[in-house]
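The same chain A turns up in both complexes below, where it pairs with chain B and then with chain C.
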Partner chain A sequence: MRKAIGGALAASLLLLAAGCSGSDDDSGGTAGGGKVELTYWSWAPNMDKVVEGWNAGHPGIHVTVNKQDGGDPAVTKLLTAIKAGSGAPDVMQAEYQKIPTLVSADAIADIAADAGGLKAKFPDSAWNAVTLGSESVYGVPQDSGPMMFYYRADVFEKLSISPPATWDQYADAARKIHSANKKQYLGTFSANDPGWFAGLAQQAGASWWGVQGDSWTVTINDAATQKVAGYWGGLVQEGVIANTPMYTPDWNAALNDGTQVGWLSAVWAPGVLEGNAASTKGKWKVAALPQWDPAKPASGNWGGSATSVTTQSKHKKQAVEFITWLNTDPAALKALAGTANIYPAATEATSTALTAPPAFFAGQQDFYAIAAEAGKVTNPFTYGPNVNVAYSAYNDAFGKAAEAEQSAAFTAALGTMQTTTVSDMKTAGFKVAG
Partner chain B sequence: MTTLPAVTPAAERSAVTTAADRPGRGRRRSGTPYAFLAPALVLFTAFLGAPVVYAGYLSLRRVKVSGLGLGRGSRVEQWAGLSNYTRVLTDSEFLPSVGRIALYGLIVVPLMLGGALLMALLIDAGRSRAGRFARTAIFLPYAVPAVIASLLWGFLYLPRISPISDVLNGAGLSAPNVFSSSWVLYAVANIAIWGGMGFNMIVLYTALRTIPGELSEAARIDGASDVQIALRIKIPVILPSLIMTFVFSLIATLQVFAEPMTLRPLANTISATWTPLMMVYRDAFIRNDIHAAAATSVVIAVATFALSFGFLKLVGSRAFRQED
Partner chain C sequence: MAVATAVKARTRRSPAATVLLVLGAAYCLLPVLWVVIASTKSAGELFSTFTLTPSTHLFDNVAALSDYRGGLYWRWMANTALYAGVGALASAFVSAMAGFALARYAFPGKSVIFNLILAGVLVPGVILAVPQYLLLAKVGMTNTYWAVLLPSMISPYGIYLCRIFAAAAVPGEVLEAARMDGAGDWHAFARVALPMMRPGLVTVFLFQFVAIWNNFMLPYIMLGDDRLFPVTVGLSGLLNQGATQPAMYTSVITGALLSVLPLVALFLSLQRYWQVDLAAGAVKA
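Now for the complex of A and B:
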């Protein structure tokens, strides 16, 4: 009898053990011969091929790339590993807007001692994003997404419109295009893409968070963002801009069949257009973003990420050595741009690594010159510790506004975003000024 | 008449094997049940009991941030009492999401069960080859995972790529935008009905098959029509199965998640807190606030428990009496 009980228990314990041993053992450890093993979480395509260049030249530090699904799932996984106390990689790709969240969760390490000297190699807006405007350094900028205006040159030519230099001209162009063909739109207001809207607000001079002494400031509902929200609300209310989200099968079809003839996007747009609107190849051109004040050209960022070292890494020094190489070495920059298809944040990348335009814009020789100019005039923007909350409030509040098609609803949505964000921070215990 | 001899040996056999006939074994039995129960109990405790208790524990905790909340030691976990619960219940998005699924349930449950019952009765009345094909065809959507089903329907709903709107436009009609605020609830409900009807139909059909043919024959001889047979004989007999499917549908309604979650990126009208379970997801994985998520989960679990058992208690005595 006792045997039977024992057997049953053993069987169930075995099952339990099988259930628990699912986590892969990828914490950095030294393999034989003093060789340091680093793991690197990234979702950039072909990053393993870029890293091969490092492994070939650095026999003492071996880096293994662990491909991730994308920015959000990687952060969720990392925070879980940090909470669990093990399982985090040594090096991690972190989107700029996630850095304060990760710092706040004590997930990424301050590497100011080893990487502080890299400041001069990056544009101020990128460096500001990894320092949060403080003395600490929470990563090395990898790529950035300066925003630009993409448009169907053939449609503009047919209606004899020139690419808009100001937002007023953009609105005029939108009206002209829509009145010439009721099915055609110059763009869409996407309630699904808070990063896109944040970039447009950044161009107008907004910086939604800030640090003032020992407390945070939240200025989502400031005059600059109000101006942007009111502008888009007006266009949607007028009906000259679509109100359906981007990145849906519907939107892809609209780009491909010429219903959407413009896109306010970032430097990485050619890859997206190539995938979604292959049949329009050769018809697109790029220009700088339309301006609020042409005398003071500005731009915003949509996307971009840094490479950070996690607090769980046992080899922080070697990890910093690797990410410094990855994001500043000319050979690595060339591989990042050519193989991983990203737009490196390092200032010198434009002159050394990005000489020919992307294939989808083969006809536009000055593609990267325009991008570099946009990167140079990108306004600084500080993200806060609960970007996720603000962004999800954006989805909901602006979703309602876009559905209502009322300009007043757009500016009211900003108010909702502001109160949701501030009250979340206060509930959590953050010190918030004002 | 012919069933009579079959009963006798069975009765004899059961008389032989009753415990009372085997004295002396009673004492040794004390440990045996536990040995056999142990694997199930251990697994239940490890994978259901412990997580439930842990969720309850988490719902009473909170993370307190101090100052800027940057760097080590700026976050401490502490007791929260019931503050997570008050936060959840007073959240301006919580009640609307509850109201939404209440309305959703009012659409889905009667249509799905009504349709399933009707089809089960039709197939049962026919019992032909066409019936067998219909049974498989109606059941098939249940085999499609909810996420895939939502993607399929999402493509059918989007006007520019939907063949349905192509046909309507071709006929000179303008297709309604099903993702607009007045239609979106039906759009989601439609997917649930499409996916769930087959399963419920099979459950009810199986129950119908257990009704002896003699009952219907006798009724028919007495002059009852097919409709009368269905209403007066078949439905009352399968009432317990109907109640079971109702409770399952009720629970599925309270837990609706995959369909709106999958459709969300396609529409402006589905918010992150469209259903209570989506609110749990938002709190846990978008806001990184597992404590609020745990509190909402507990609230949903309690509501599910109360509704299912309350309903069973309400109808149970009536529904199951005739089985005794």
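Now for the complex of A and C:
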């Protein structure tokens, strides 16, 4: 037995030594011949394949993609590495709503000197998200998520409902569908998805944070958001809209068996529908979001991210060169759309990279035309430095409200979000007006 | 005598206890059954067919999982085996030395050290992950195999167990005899005490092996390169694709099923060492 243990130990140590030297080779630093090595944290699928296109054409700068858990976990990890002083990648995927947090933690670098000239290549709303309305540039926009309304065309046809143009019509459609079949709902109010609710508030004209002189403003509890919260609270109280969260196995099952027949989502929805409800292929259609005021069409944004350079990178210039190529080069845009399955933020992408509708919506030729229109009318929205706090306050407060199924609880939940967010900012030392 | 009690026990079987035990077994086994059945379903069937209806797609799922980014899953499995195998072996060895020393030597500060280790048993490993990260970041060892291995090597609980085992299984007389025969400290430990502690060490090894195999927080914080991930962190990444991408449920379920098979095999094969009582080790030595 002792011998066996000794043998195994020796064998594993050998393995270990081999593994370690392997990882040393590709973790940062310059290798021989002045070649620059960059690491890139991203969670977009197949990003390594997109980057192969760069590596093949740029022998002097080699980029290694390390796939991360999506969203919050990657940010937490980056912030830990920044605090520790080492371990951060050179290039990082950063969701738009996380950029103020990353900037105030000094995690991502201002690259205005090298990337400032890219402004014209992106829609204003995306560019504004990486500059925070200042002269600095904290990343190059990669993808955006203009919101749209997805619905089961077969169900709408059977009940002879046309896709709702206004929120009143959406409510009527919800009532009609639910009264025809008590198990069916046109949608659900998800207390788990603050980004979704923020997008709907954005459409109504809200912008939850803002900068006034040298202090922040927080307007989560403003009239526009009140209107949206009250609207959804009313539908939930009436019982014509479900109150269970999205992205749960239950919700997936409901999409599959046709008890959820609509989804207010964004341009990336086809991938999610295909992954979670493949059996419903060919039954869905997409339309613009229902409107508050049809004379002034507007939309919101759900999801989307920029590519940023971290403050720990020793090769910022090369990193900017890479992210500029990644998010503006026609070949890269094509790979982002086709291989990484994301909706590029660059204006040019709609005409060059997105010519055919996504496979799950093969029947709808105008898919990307509707998306582009939604992107054009997306309202401006400013995120603050503690989006995570506001979002978890959303989860708590609206979670309770959705369970209570009382309209009044929905609007009250906004007040909780507002106070929690403001007091956290004050505790963290931010100046907050009002 | 033993036979008599066994017979007696059989005749006095209590229905309440049986029901309770069956319920307990169902509680433990149903999730396993669910994983086994769910791993046979295709993505479309997973959320649409009845929960306990098996399907025929197990091999497709395994193939899809193996295809994911050029077989990355198997690299995660190999990493986990490395972390758990090397980590548990090293931990058992360190625990044996420390436990033996605490049980059989007298030195100043011994009770302070032992109490500190006992206190360490009460501190969950999760809490230590971030401080350990900050320490390893200082010496530039994060995002390497060592970042997971080094913290896994020290197990206060293992040291505590080894002290108890050493005190019970290694009689002072045997050590004295060894010393009379001219054995030094190292010899007395490696040749005399270690074989006697073997059943205890298997326990420590298994505990630590399972703990590292299932550990999530430490590798999750330490590692950025997904080719160094153990299977727990890798699978969590497949679930957390961000809101804009579908979670890869079938791959995660299949991966979870495959990842527990080695643990089951290990437990079955090491069971016989575990059951041998402490005296057996002493006599054989």
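What we mean here is this: the second predicted complex is superposed on the first by the 406 of 434 C-alpha atoms of A that agree within 3 Å, B and C clash if a C-alpha of one lies under 4 Å from a C-alpha of the other, contacts with A are read in each partner's own complex, and residues count from 1 in each chain.
Here, contacts are C-beta pairs under 8 Å (C-beta built on N, C-alpha and C of every residue); 3 or more make two chains touch, one makes a residue touch a chain.
Since this is a predicted model, take the numbers as computed values, not measurements.
In the superposition on chain A, A:Ala277 makes contact with chain C only, while chain B stays out of contact range.
In the superposition on chain A, A:Ala81 makes contact with chain C only, while chain B stays out of contact range. Contacts of A:Lys376 after superposition: neither chain B nor chain C is touched.
Once chain A of one complex is fitted onto chain A of the other, the partner contacts of A:Lys227 are absent, as it touches neither chain B nor chain C. In the superposition on chain A, A:Gln68 contacts chain C only, with no contact to chain B. Looking at the shared chain after the overlay, A:Phe430 reaches chain B, while chain C stays out of its contact range.
Once the two complexes are laid over each other on the shared chain, residue contacts for A:Gly145 go to chain C alone; chain B is not touched. Using the contact criterion defined above for the overlaid structures, shared-chain residue A:Trp216 touches chain B, although it does not reach chain C. When both complexes are overlaid on chain A, the residue A:Asn341 reaches chain C alone and has no touch with chain B.
Counting contacts as defined above, chain A residues 1, 5, 8-9, 12-13, 15-16, 19, 247, 249, 253, 257 meet chain B in one complex and chain C in the other. Those residues of chain A lying in contact with chain B across their complex are 1, 4-5, 8-9, 11-13, 15-16, 19, 76, 79, 100-101, 103-106, 110, 132, 134, 191-192, 211, 214-216, 243-245, 247-250, 253-254, 257, 259, 311, 385-386, 388-389, 392, 395-396, 398-400, 402-403, 424, 427-431.
Of all residues in chain C, only 43-44, 46-48, 69, 82, 85-86, 89-90, 130, 133-134, 137-138, 140, 142-146, 149, 194-195, 198, 220-221, 224-228, 236-237, 240-249 touch chain A in the complex they form. Against chain C, in their complex, chain A makes its touches with residues 1-2, 5, 8-9, 12-13, 15-16, 19-20, 23-24, 27, 39, 41, 43-45, 48, 66-71, 73, 77, 80-81, 83-87, 89, 143, 145, 193, 195-196, 247, 249, 252-253, 255-257, 266, 268, 271-272, 274-279, 302-303, 341-342. Across the interface of their complex, chain A is touched by residues 28, 31-32, 34-36, 38-39, 42-43, 46-47, 63-75, 87, 154-155, 158-161, 180-181, 265-273, 282, 285-289 of chain B.
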